[in-house]
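Letters are used for the chains, namely A, B, C and D, taken in the order the chains are written, and counting of residues starts over at 1 for each.
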Amino acid sequence: MGFSVKRRDFLGLIGGGAIGAALSPAPWKSLDDVAIWTQNWSWKPRLPRGPVEVAFTHCGLCPAGCGLKVRSVGGSPVSVHGVPGHPLSAGFVCALGLAGRYLSYHPSRIVEPTVVGTDGQRRGIPFKAAVRQLGKWLDEARSGGGHGSVAILDNRPDRMRSLAYRKWLGALDGVHVKGLREDAPINRLRAMLDGQVPELGLDIARARTVLSFGAPVLEGLGSGEAGSRLRGRSGTEKPYIVQIETRPSRTAHSADLWLRIAPGTETVLALGLANILVSEGLYDKEIIGRTALDLDGPGGYRELVARFSPKQVARITGIDAATIKKVARRFASGPAVVIPGVDPGGGPLSPEAQTAAFSLSLLNGDVGRPGGVVARRVSETIQLPGTAQLANTVELADVPDGSIRLLIADGIAGGCAMPTSLLKRKLNPSEGRVVSLSPFERSAMHEADLVLPSTTPFESIDETGVPIDSPVDSMGLTVPSMRAPDYSVDSLHVLSMVTKSNVPKITELLRSRSDRIHAGGRGSVFDPSKGESAPITEFKTAGHLWRALLDGGLWTDSSATFTCPPFRLMGADAAIRDRLHKVLEQPSTADGWAHELVLMPFGWRDAPGDGPLPPVMAKLFRETRLRLDSRFATICPGTAKDLGFAEGDKASIKTSLGSITVEVVLDPAVANGVVHVAVGPSTGAFGDATREKGDQPLDLPSCKNDDCWRVIPAKMLEVVS
Amino acid sequence: MTKTTTQKRYGMVIDIDRCDGCGACMVACSLENNVSVVPPEAGLHRGLTWIRVYSITNEKEYPHSDTAYLPVSCQHCGNETPCVGVCPQSAVDVDPKNGIVSQIPERCMGCRYCMVACPYHARYFNWWDPVWPEGTEHLLNPGVTPRMRGVVEKCNFCHGRHHAAQERAASEGRSEIEPNEYQTACAEACPNGAITFGDLADKDSEVAKLAAGPESFQLLKTLGTGPKVYYLTQRSWVRDMAAKTPLPLDGQSND
Amino acid sequence: MTRRRTTILFFIIGLVVAMLAGWIAVPAALYESIEQPLGFSHVVHTSDDTGMVCDDCHHLTSEGGFAGIPKIAVCEGCHAEAIGTSKDELRLVEEYVKPGREIPWLVYARQPDNAFFPHVRHTRLAKIPCEQCHGDHGKTETLRPLKRNRFTGYSRDIWGHDFSGITTSPPNSMKMSDCVDCHRKRGVRDSCLACHK
Amino acid sequence: MIEPLTNRAPTRVFLTWIGFWIALFAIGGYFGMLCLSQGLHHTNMNNRFGFGIWIFLDLTVIALGAGAFFSAFLLYILKKQALKDVIGSAVVLGFICYSGAVVVLAIDVGQPLRAWFTFWHPNAHSMLAEVTFCLTLYLLVLAIEYVPLILKNPSLSKNVSLLVFEGQLHKVVVVFAGVGAILSFFHQGSLGGLYGVMNGRPFAFREHFFIWPSTFFLFILSAIAAGPSFLILINKLASKISKKQLVRKEAYDFLGRISGWLLLAYVGLKSADTIVWINHTAPGSGYSVAEFFKEASFGTWILFAEIVLFGLLPALVLINDRLRKRPLLMIVAPLLVCIGIAINRYVMTLQSQSLPTLPFEEFVLYTPSLVEIGVFGGMISYGVIVFSLSYRYLPLYPGLRQKAKT
């Protein structure tokens, strides 16, 4: 009996319970709550709450220095926009600028000072210890070597901060070394001019023709304002863009004329164009005859270019004679700008190529005329406290090999990547040390002996510098839009601690420049909140101007006139002149190393070769393959067939220095016998720039002969997995 | 009490010949809409790209080689919208006032039927929990809620910006927004001005004029889904490839 | 026949226990009660001798958004030094005003991230009084503790204090269905995205 | 304690058999938990393949499970007594197929905890909503039809009141058969409708009759054609394993004949539909069928296999009284039928997604991940377990039961 009764009663209890529960809201409410829980469970990110504050600043990620409108909630920037009407950026912001604020939280951010110990292992040390270590090395360097044994590598050498560096170095008999920048070649042009020459700017926007030797003119080179004109978006007449580049770059894609030049033959093409200008007399004989110091006579320019007949040039460069003639005539038909481009990953052209290119500007009478090369007024230099002379500023190329014993790298990104080997060469082989003041582990710097974490451009106040194309001087500030983390340090602060000398604070420096500008009483100031400019005279006190700059304002100088002084079409440097004359001699394959194709590294203008990539950009390029990073190599189907490769194959690219492993990608637009590999951040993870040694194409090239690594002899081998 | 609102038809015109494939639109879009940074193993087909730039080439060698870039987002179909009818729990709808096709992640149960039904492959599924680098949550756009794992998401013409514009207008006592008050992030970010966004119903708007122009075409017009995203090009090979030209009824393939 | 009766008895026991649990135990267990960080009286602040009105603290931002609960700076306007000697008054000055810390107020009407509620559209365009949704919160002497759903984190004001949640509407509940009802009444036809972000 | 019916396998044998399947089930369960707790990235589905093998196999399983409602319909409504033998197994099979499919679906969707929204905020136009409603309701019906079987267990049936209860159920079983038939009719159809309505997917889109695309009717027809064949297979399999004659020849013969004729009708309509699709529907939306089959992995051979090899052929066998007498053919033909249906569901589900609609999108192939296979393996083993238990403890086969009594 008991059994079945129990069972029945139990069933009764269950039944009653079920009905009772169903008659109460509990089960239905929990069903609802469960659904709501899935909509806001704890691991779904919470949105920032609170009112939105709007502020204006400038972007410090590259020298273009675009104006930014920053919307913040609770002190963190939640969105970034362009500033319409901005004199330099004209409302433009590149993808990097939009996403740049995320860099502050990049996985490769350095969060404590690290030093490489005797065992070769990198370990964290306290800030004080790091400074002591730096001080020790400084003393060693100075006792060990003479002039230039201490150097600061500065990617934006025209800032007030740089001035403080030079003062500091002056006391130590050191040198201020310019990092690689897109405007570096201009100094080549200045060297071709005779006598005292002011700062020069390329007036791209007003040119009739832009002759770009591989410069990313349509990918954000220079100011956004010029960019919008080059893209024909400003209503003004759009310059005719001739892109001379081997790689099917984005600029090549949208240029009016793309000349796919044979690798490394830019010098020949430039001289070929000169040949036509000279032979057809497409230049102002009267003026040039007067100002050109080396046009005629034995070994003169005329004699040089005579050897570069269109037929000859066509054979070497792979561009047919008719096109060369057409380009030359177009070029001569009005103000033109020649840009010997510095590729963010491929680096600069050879010195002789740069010279040959600029000789066209001089021949065309573009130096000193609007739409050509114009001069900037330089607001007179500010006197800094201290008796020491300012150390002079030199290009890295001009630094004697092995001379530097202590190299301090300023953290700011220059936008261009450099081969580790190039840097190494300049260091003293036995005790050359590198100290990096950087927010991130940078590709070229990832072997620094000592690293001090500095701030990102969004966290610290600084100057943006003047864009390559700006015809006038300007001052815009990167006003912090996020708090600098406690572990980050300011370079000037570090320097003052090391030498116990008083190095002025960055704000003091900037303020003093602002005051000097106010005293000068020249130019006008743009107010981003109003979107209009006012003459500087409207600012009663220096304080008003400073306030305006801190509110994201931009000061622009009035333009100066400048008449071209006498010049040398082949430059003052005998060595370069000599090379120009030897161009046509068959170039020996580097180190006599037999190769079957050439490796041409390149970089993306708005994904700097020397910095990390915001995770969101890395993600998108990864998921769409719109941009390929250093894990991919692009070759044309023909070459692939000859070498026995197919799309997606794994291949190893070997140069005389080492090899990298890549995945093969086919593109019919790529030239025969050429392989393109991107330099810089890998999109593989969150956009990390630190890579294993020998994994970056830039760890491969040797820079023994000159400072050019655009064209590297290479082999492509199958990877046996 | 109810206001009579003017009927809008928001749409977009994308000039393929102006696009150089820089990807700024994608970046701006992802930032504006808090699109998750998906784990790297996502590969080409498991990511989240509300607007995706395709690159197509004419497969010719230099100097005849040519590449075109096509940014493709949700086409906001105006006719028999394929994704709306299929959703079992009304997580997708078309705004009667402005024709924007919505996708409500909190309502979606992640059956992915709408993805299968969409001919433009413009819908994306959250295969992972959303990820951002540590500490970046407070950099997110407060106007758009992040999606959770297991739901579908897609372009909604930056509706967060539409909200913001409405709020601003309301604070000035207006119930309607001015055309210049509402722009999508991609249109704003494009350095080449290749993307034009606006109200197609307003005949004087630039977008309407461009869409009516001779060079404009729609993707997969023959499906009759009436996309509100138009494309422009002067290059015939691009048009032949991108626009699915109607086939003769004898069923001959045209490729 | 005793069998049958015992069974029925058991049935009723089950029924009653389950219903008690569903109507009383579950609601009690589901919500946790959290005290506000400070005492606050709307009545005192809006009384004639202060001469303050709602907008003085709860205003709109430049972009039209609702600023919500005022920041500590607003309090500092009057409370830079302690007014009176009440315990809360002193805590306000010492713990929040002086160090410039924000008061971690708990919001009764906090909607989830995916809800977009433009206050300005409702108050300025539709002319809906705050009280219609927030009730007479502005006339309260003290701040009641926040009842928070342990599971979803929602304030109980959203679901409403009637646990069955069937009949309620603002100000007694602020569910989506309540918004929808009001919109229907006013003939506002909208898509999901009109109120969801 | 519930003890097995007489003349069942010794406990040790049974335990080893069931143990194996439980292990398999556990693996599937683990994989399922992975997907539920971490997300569907454990599968190989992607944005181009929103539906994977899970949906394909669910559809197949549901089609094969149609035997349940159809035989119930034939037996209780049309009074085809020949089916008395198989009705028990049919109900159990149906229950297994449907409950299994529902569980896998719960893992397949990204947010199962919200699946009930479909009932609370349904979209009346959505075929999937229709499927969900009918599927869940019919599962309920199957459960109710299953209960009397359970109650027939000897040790349970000792309990008088439960027996009474069971008797009551039996009286209304006719009603349930009717309801079940209608529900199944609709969800089988709307499963086909899923694809036919996709106006954005020319490969799947079909002509409409009233509000229903042709696939709606084709799926119903193919399902009721395949159901009986599946019944034949399973019962023959069960007989093989248990080495007992469980079902009388007449039942098999009847099922075979039904299956055959229905399949023949299906093949006819399917062919007609395909011709219309090739010449009118697809070109109408700007695609030529040639494009659909230009990829090697999905050639026209698949069309031939589906309609002729696994359709017409077995149909002709099954409608032929002489051939139906041949035991081997009575296994091969039903097998072909089931495979044919599987192919059809495969084509509609996976091939339709593999083909890009955007001309510049690539053709994508997808291979299921171990997790996906594992989960489905778990479902199969769940089926085997339930069927074995039912076979061991419940009188699935009235014929057998009488034998046992004597």
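The rule is simple: a contact is a pair of C-beta atoms (placed from the backbone, for glycine too) under 8 Å apart; a residue touches a chain by one contact, two chains touch by 3 or more.
In this text, all values refer to a predicted model and were calculated from it rather than measured experimentally.
Here A-D and B-C are compared, and the pair linked by more C-beta contacts is B-C.
Chain centres here are Cα means. That of subunit A falls 62 Å from that of subunit D. Spacing of subunit C relative to subunit D, judged by their CA centroids, is 51 angstrom. With centres taken as mean Cα positions, subunit C sits 37 Å from subunit B.
Measuring from the averaged C-alpha position of subunit B to that of subunit D gives a distance of 39 Å.
Taken residue by residue, subunit A touches two or more other chains at 8, 34, 37-39, 46-47, 52, whereas all remaining positions touch fewer. Subunit C has residues 63, 65, 113-114 in contact with two or more other chains. In subunit D, the residues touching two or more other chains are 111, 114, 117. Taken together, the touching pairs give a contact graph of some other shape, not a line, ring, star or complete one. Across the assembly, chains come into contact as A-B, A-C, A-D, B-C, B-D. Only residues 38-41, 45-51, 108-112, 114-115, 117-118, 120-123, 125-129, 131-132, 194, 197-202, 278-280, 282-291, 294, 352-353, 356-361, 364 of subunit D touch subunit B when the two sit together in their complex. Residues of subunit A that touch subunit C in their complex: 5, 8-21, 23-27, 29-30, 33-34, 36-37, 39-40, 46-47, 50-52, 54.
Interface residues of subunit A facing subunit B in the complex, by the touch rule stated above, are 38-39, 41, 43-49, 52, 73-74, 76-79, 81-82, 92-95, 98-99, 101-102, 105-107, 218-220, 224, 227-228, 231, 233, 248, 250, 253-254, 260, 606, 615-627, 636, 638, 667-669, 671, 684-686. The touching residues of subunit C, counted against subunit A in their complex, run 3, 6-19, 21-23, 26-27, 30, 61-63, 65, 67-68, 112-114, 149, 151-154, 159, 163-165. In the complex of the two chains, the subunit B residues touching subunit D come out as 39, 41-43, 45-47, 54, 56, 70, 72, 80, 82-83, 85-91, 107-121, 123-129, 148-151, 219-225, 241-242, 244-255.
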